[in-house]
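Every chain is named by a letter (A, B, C and D) in the order it is written, and numbering of its residues begins at 1.
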Amino acid sequence: MPTILGQNQYGKAENRVVKITRDGDTHHIKDLNVSVALSGDLDDVHYSGSNAHVLPTDTTKNTVFAYAKEHGIESAEAFGLLLARHFVDDTEPIHQARIRIEEYEWERIETSDANSRFIGADEVKHSFVRKGQETRTAQITYDGEGVEVLSGLKDLTVLNSTNSEFWGYIKDRYTTLKEDYDRILATSVSAVWRHNYTGGEQERTPNWEKSYAQTKKHMLHAFAETYSLSLQQTLYQMGSRVINSRPEIDEIRFSMPNKHHFRVDLSPFDMKNEAADGAVYYAADRPYGLIEATVLRDGATPRIPVDMTNL
Amino acid sequence: MPTILGQNQYGKAENRVVKITRDGDTHHIKDLNVSVALSGDLDDVHYSGSNAHVLPTDTTKNTVFAYAKEHGIESAEAFGLLLARHFVDDTEPIHQARIRIEEYEWERIETSDANSRFIGADEVKHSFVRKGQETRTAQITYDGEGVEVLSGLKDLTVLNSTNSEFWGYIKDRYTTLKEDYDRILATSVSAVWRHNYTGGEQERTPNWEKSYAQTKKHMLHAFAETYSLSLQQTLYQMGSRVINSRPEIDEIRFSMPNKHHFRVDLSPFDMKNEAADGAVYYAADRPYGLIEATVLRDGATPRIPVDMTNL
Amino acid sequence: MPTILGQNQYGKAENRVVKITRDGDTHHIKDLNVSVALSGDLDDVHYSGSNAHVLPTDTTKNTVFAYAKEHGIESAEAFGLLLARHFVDDTEPIHQARIRIEEYEWERIETSDANSRFIGADEVKHSFVRKGQETRTAQITYDGEGVEVLSGLKDLTVLNSTNSEFWGYIKDRYTTLKEDYDRILATSVSAVWRHNYTGGEQERTPNWEKSYAQTKKHMLHAFAETYSLSLQQTLYQMGSRVINSRPEIDEIRFSMPNKHHFRVDLSPFDMKNEAADGAVYYAADRPYGLIEATVLRDGATPRIPVDMTNL
Amino acid sequence: MPTILGQNQYGKAENRVVKITRDGDTHHIKDLNVSVALSGDLDDVHYSGSNAHVLPTDTTKNTVFAYAKEHGIESAEAFGLLLARHFVDDTEPIHQARIRIEEYEWERIETSDANSRFIGADEVKHSFVRKGQETRTAQITYDGEGVEVLSGLKDLTVLNSTNSEFWGYIKDRYTTLKEDYDRILATSVSAVWRHNYTGGEQERTPNWEKSYAQTKKHMLHAFAETYSLSLQQTLYQMGSRVINSRPEIDEIRFSMPNKHHFRVDLSPFDMKNEAADGAVYYAADRPYGLIEATVLRDGATPRIPVDMTNL
């Protein structure tokens, strides 16, 4: 047979698991989209169709829901670690598990003032509205020895309406862009960061929830506070701020589309449209500049793939 | 000619206009997606291709941007009224204009505490993060006489983790559903409401921003506070709360998919999964119940179309 | 109570039903997305939450699948008629049913030549590849008396690379567009047409499959053959061609975005880019002209709503 | 500085370029979405914001359009090779270019029979309808020495209505799936294959168009002709068929979601629903099995990344 099998993996993708926890009348919610990918001793199923080493994807789905009940969902990362270890440790032919998770955040519907007026009842503690800002992501990989935990987010859209310039670039035959000393800088941040935690028994486990909240905050602050000469510079400041502020993180990669906001040329109508006066912009869809880079703690080995994906 | 032309309209859709207003170092942002649809004396362009009565869609686009600069954008509704009146009053063959607007909300990136630590600078007042919750909508129609203003929102996803039942329904040959006395009730609210404002000179113009904020709040509160025996009941309570609380609104229509959260059957694994103990749910995509209804102030004439669309 | 209930409807949306028919080794496939909306004596469920008149949406889902088995799926329209009549005739409180259907077309994977080389077997008659062009739609409404059948399609993207002009339009203060005597005309056709069939016992039922195929063909031909001075003119020719060619159709409505293809200005690079020489175009996303109109058989009453939606 | 820059790249993504070629009255169309990513001596722009080594993304966009005019678009792969070589060879700080392309196929609107009836004119040769089946992809990478060409496709949805089984798998505590001896097998194929062409002067350049058409055909035939015991087996057969049939290809990777079609349980309605009789299926969305694997020519080195992305 002149062809051979290379890297392969399989599992159930996009298991939409919602766990409610009740603390008296106060409810809590965790809302995840969990994707399982398993690798191991799986040549036969490809070559001959023998499923003797195959844990059905349907079973991996059942396991996600059963584990959510048995163990609860403390955080996406902690839940992913439990699942990854189970699949590898408890299924002989499976040698590696990769769990990818998207998390959707909810906030409480605050009703205290309304109650007094409408129903005189206690405040409602079981009502939520989806926050709808970024999607939080996590990827947990376990190979029977160590673990790798990547946390991340996507679709966090940010905009600075000033303190951004772009000039001094290469001009070749095909260059028509005019230099700009006061432009809007906007992007939709996708980021993945790698924790240096490897799952050892002596290791202290990060506080995943706090780590995420702080990392997001540092990115937002660095974005806001950087006087930007290029989106690359802003990206590096964001990554550097995270690495410098969060000792548990060694590496971060960004994929940041330049969401162009072009100042509209109103001169045909004898109108000025200067940034300094508060301008009108056209928010463009395509094409868009796409800036991608990794920022590392000095000495760390890069492990996050160049192309970031989820699911 | 055995065929004739019926209702017709045209214009530029999805003009993505962003207006920055500068108040010293404090910037404000309005982010709209504006769609123009014009009707009038337009038989010829359909029958013969004569464009003599056609204001190009490209011109309607230019007008959106120029008006944003000339008049600013106080609110989606106010901006739409300006545009609608312009197209009808200033273009002879155009007899009706319908402006549809989506609005995307931004919130400030708060940096005060970060500044002190990192750069010792003043708080940043020009940095924003997209809120990402619901999309706000507006539709303004002007026919040379009166105006009709519909405001709305879409993709506002809400969930009650208890206080929802469903039982006592018709059972026919094809019914298998089990009655449920403690289920999750979740929906993604799309709503359109009609202001009784008709644009008369003596009329008081609503405060569009405040009206929107209050209407959203009333919907959320009614959703949270209703002990629900059906999604229809919840819908009606939401509509009724809005009409009773906002005298400027005479009619509201909802389209509310029942975002099913099915309690997972864990009995094959000898596990219980009772709602009262904090259950695990499977969030389903399709199919979904879809509940749509109009709630009216008694005596008001329904004018919102059965099928709600935007753009 | 100062608020009242207006138009309302409910049902299960997006039931994805696939029916395989086996004719020996030759299989046939029908792939539909069926949405049910029921209206009737439903005040109580809104006012008090009583479900006594409510056939659960879950039951409507079951009915779709059971009917597909019991009756097969001859066409989307025929299947929708069966369902609509069942819900109204067999459920006392239900007075009107509206069935909306999307249909996805598959074509056979032709394997005859391959077989001879690889497996010497008979031609495979159970393998399909999704065609992926337009989505076919249907809407069937039944109120206990007559039926209304709308057929349609969406996302049929067409392009003429010449024989399109645009000039002679109104120029106002905000007009900057240059006249064009050889432009690309492209659009993504959404269309809904109304059959004059009303379901009477004496009436001849249209051949829904043939009617659809012919209507699509006429639209494509009229698009291709019209020398266009405006997209409105092309739209009218398409509608007129359908009405004139298909006696079973009395009304058709189009929603046609002008998918702009802008000839790129290459003059900064000392390059010409004339249409006559085979030009390079930039395919733009937003904004886009949006042209919507109804074409009617003379004497017919317009019944298709201005805003077309599906589901 | 305790942080350092890792892998980075930038460029303009999603340049939607359409090229018309006129051969008398017969027009041809190429419709591409081109994304440029450049790497090189770019530390400064990240560390200090100096753009001295930055060719603006706007310039890369202009180049795409200008090259389409200057050189035409013979195929996605050939066009990508031209662009990649230009960016690296003609821009000193740029050391690597990666061009990613999506291609959308159009087919002619055939009008011959219609013409005779309606306008007696010649057949129209400039009218197209978008085929709408799979999206073709290509990725061309050039580092100043050799090239790597990946071709591919995505969203090619295929279905076998029989000749698929699934049984004999591992059963653990969480397994509930029943074995199936006659199921529907459906998937949406995403595939990327690597040509062994490296751009050497003595090398023969593949016929990219023919290579693509044949590769797609081989995948479809292998899918149709494989009696499948698992989706993994089908995948391997598809890959093996391609490698064995196309000497220019050394490696292929698939990402194939198992688009589940569940046979509906109609027993509550006293109805049978056996596959052998032509069954009714529910086409599910999420979750879905996801099968991914690489198939290699024996001796070839795997180079296609585990996670496939486009853009």
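Here is the rule we use: contacts are C-beta pairs under 8 Å (C-beta built on N, C-alpha and C of every residue); 3 or more make two chains touch, one makes a residue touch a chain.
None of these values were measured; they are calculated from a predicted model.
Ranking all chains by how far their C-alpha centres lie from the centre of chain D, first place goes to B. Because chain A and chain D carry the same sequence, their contact can be compared by residue number, and over half of the numbers here are used by both. Looking at B-C and C-D, the interface holding more C-beta pairs in contact is that of B-C.
Averaged C-alpha coordinates put the centre of chain B at 37 Å from the centre of chain D. A straight line joining the Cα centres of chain B and chain C is 25 Å long.
Between the Cα centres of chain C and chain D there is a gap of 28 Å. Touching of two or more other chains is recorded for residues 15-16, 62, 66, 174, 176, 268-269, 285-286 of chain D. Contact residues on chain A toward chain C in their complex (touch as defined above): 173-174, 176, 268-269, 285-286.
Chain A meets chain D in the complex at residues 1-16, 35, 37, 42, 45-59, 61-63, 66, 90-91, 93, 166-172, 174-177, 228-230, 232-233, 235-236, 239-240, 243-244, 251, 253, 257-258, 286-298, 302, 305-309, 311. The touching residues of chain D, when paired with chain C in their complex, are 15-22, 27, 29, 31, 62, 65-66, 68-70, 106, 109, 111, 114-115, 118-119, 121, 124, 126-134, 155-163, 184, 217, 220-221, 223-225, 241, 261, 264, 266, 268-269, 271, 273, 275-285.
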